[in-house]
């Protein structure tokens, strides 16, 4: 039986809302991938899986919180190590519906997004110098933003005829720029500036995770639904 | 192993009935969304997800109850914070099958329904002055009712040719008006008038939650099924 | 980890057989509802859900039994409060495939079947005079039988051209008449005549529940399958 | 948290392999029933359900083993009481795709296969004289074999045009003859000859259960797949 | 409630990443098998099931790790005993889409891949001489590689017109050659050279298992998707 948390325990409440919000997102996206045309299914499915993984990691982090000694930051990194590459690939395949993207870009995105999370973890766990890890993680993130803003993906979207894709890409890129900024920030605070997590960092991460996974997934789904309809009218 | 509850424990019994009743509703709506035309699937799916989230939150609240020190009110708020916006959006997309609704309305409904639950929680948790939170929560609820009774959604339903949609909207609006009245009432009793929950408030909330999520979901499903058939005959 | 039960513990064995038998029934009916024509799906789905709810309630009752102090009768009532209305409605919608049934009949069946279980529970829990509750529960059951034998549903089945529906209705009505007779009998023994449950009543209830939910569900499925085939030949 | 078992605990290892092997079989058969023509789906689904029930019963038996006092034989009987009738019916419906089988045969197979398991259990639990129960169980098994080798089912298969059905029936009958021989043998050893289970009998049962449910299910699936393709070519 | 692991516990972190990575792979492959043509579904489904089994075995191994006395190597072998034959068969059926493969080859692959894992386990558990078991296991692995590089499967792939199949087979064979080399190596280290597992071997196995099951499954899926599209264009 799980420990009971009180009404004033905002951290536990934020974990619970994240848990059920991600469950809702997962089911919606899993159902939704059947509503769109065949070529839009992969990006929607990847977002659904990113939310699904979030259910598991948030559940375990909440268990750790209720055990009473704070949530070791590794619990967050486990989730991000799977969900962030999935979301980057969702963006890749979403853009891939409008034009050919190279296999090289695919591999660069996979490798960089995995390393970005892994290096930050190494710094937090003191397996690597925290400052160095922070900086490398930052560079990897900026590299991803560079690909999204100035790389081949931006070209394909600009050249696409789909109105909805352009709008969707705009918002998704914004989430990856603004929403993901909390992760290097949190990384900076705990690993570099040495601030311990008394629960508030978890609240911030949960808030960011809900928005980043839910909003990202729903933006992909609605882009796919609208573009599918646009397609079938054409 | 879960603690065993006795036959005279009406609160535990009401949690169990809510648990299995919501499970039944979830499965019925998930199956049902495959029986209706493509454009009716989203509202049915949203109701299914609202019921699914209810399974989880009721299960955890029952665990808390069986641990013996009452159910902290946050357990209810966690569920509502996800299910209420989902139900408001189900209504939005149900009406959206009959006419165009603006994206602005979508965002107003999302924001107001999330804030309504969040503000009430802040009051209950004493993070905000209870009276003030109660009043703001009330205003948000009245705003939602205003949109449903006098806003664009009412116009679209009036102007629609679908007989079933008009009847369904009537009942759904009634649930949101009468069935949801218990939430500000309970909020008033615990947070404002300071009445503690000895289990009877949980019974009342469970009774309301079953009716509001089950009846709401089934009303949406039957509207969608009947309207789909009407459509295919036309 | 669950307590281990011994080979001679017939009550635990009957709970386990009920658990896995209901799981088998649920999966068969969920798969089966996809094998029949659209209009037969609802009754099959309702039977699947009744069996699914049975999995959960039998699982929890077995946990209570293994905790060592007998199974409070409320565990049975929780299951019946969801499954009995579902089965009554399955019969309603099965007959509804052959002719129009009024919405009034729908609501009478829902209300009476819910109240039948609820009143019996009130009697068992001593919230109401046991004799009175027993008698009222009996009247509600007889009312349901009256609707099935002499009401509009019987007329529709008699007037239907479907051979399989007539045969299916005959058997389903028999289950509701003979199989459901154990519930007022058990109610009489425990609540009215004051006989305690040393495990034998649970064995009897489990035996009845397996037969009533499994046989009922499979009878509905096979009626739906055979009638679908008859239809597609016609 | 489950107790940890060591590498040298062959019984626990055999339970774990049975658990995951049956999980793999279940998912394969559930996916597979969607790959075959409508009329072959029922036998495949019944085999999937028999494997699914095996997951649950093997999981609980392993829990009992890890609790340290051996596995009461009732844990095996619970599984067989559901899976054996399901497999007999899978054979019945598989043959039924090639020719009409009487409802009387259906009921005889159901009743005899259920009684075969039940009587053996009664003997093991000392509710009945072990020798007598062993002999009656044996007679019931021989009766089933008689139906498969000399009854109407054999006639239908011989007269069928489907090459794959004949070959599949040959193998399935062999599994029921040779593979099922371990159950009366184990029954003889524990109940009649009084040999206690120190874990080796569980290993033997697990080995037999994996083969009997996995091989049986996959034989039914491959017969159904090949026969479906034969059909669509014809 | 699960024990909480700390950020510096790299072994627990690698188990968690393996757990969620395999969950992501499973869902992706289960969804993906519905996106490809009928004849490509079986290999994709087998890879999905291999990943699914991995979820369960990794979960249990992590539980054992968190219990504090290291992970008995049997936990790894349980998973491999199911997943390795499944992956070998996935390769068999993938190649089988391009040309007829004999039933004899099927049975040789099944038997050899099962025995390869089983013999290694016997050596690790000291049921057999470790050196002998290591050598026999090695021979079985080399036999499988022989079939893939010089047997009938290689012929079929060379003779196939499908460009994607040739490229996919190249990569899959590489995974089975390079990625699977860690298993005899680990077997050598623990069983033969007597090196105990302080967690680093688990990290290595987890890293290998993620790559081998995830990369293998995704390579099969993308081969199937691309070949399906090639087919439908032809």
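Residue numbering begins at 1 within each chain, and the chains themselves are lettered A, B, C, D and E in the order written.
The criterion applied here is as follows: contacts are C-beta pairs under 8 Å (C-beta built on N, C-alpha and C of every residue); 3 or more make two chains touch, one makes a residue touch a chain.
All figures in this text were calculated on a predicted structure; none of them were measured in a lab.
Chains touching both subunit C and subunit E: D. For this pair, subunit A with subunit B, the centres built from the Cα atoms lie 28 Å apart. For this pair, subunit A with subunit C, the centres built from the Cα atoms lie 46 Å apart. Shown for subunit A are the residues in touch with two or more other chains, namely 2.
If the chains shown are joined wherever they touch, the resulting network closes on itself as one ring, and no chain has more or fewer than two partners. Begin at subunit A, move on to subunit B, and keep following the contacts round; the order you get is A, B, C, D, E. Listed in rising order, the residues of subunit A touching subunit E in the complex are 2-3, 30, 33, 38, 41-42, 45-46, 48-50, 52-53, 56-57, 60, 63-64, 66-67, 69, 72-74, 77-79, 81-82, 86, 121, 124-127.
Residue ranges of subunit C in contact with subunit D, taken from their complex: 1-2, 4-10, 12-13, 16-17, 19-21, 23-24, 27-28, 31-32, 35.
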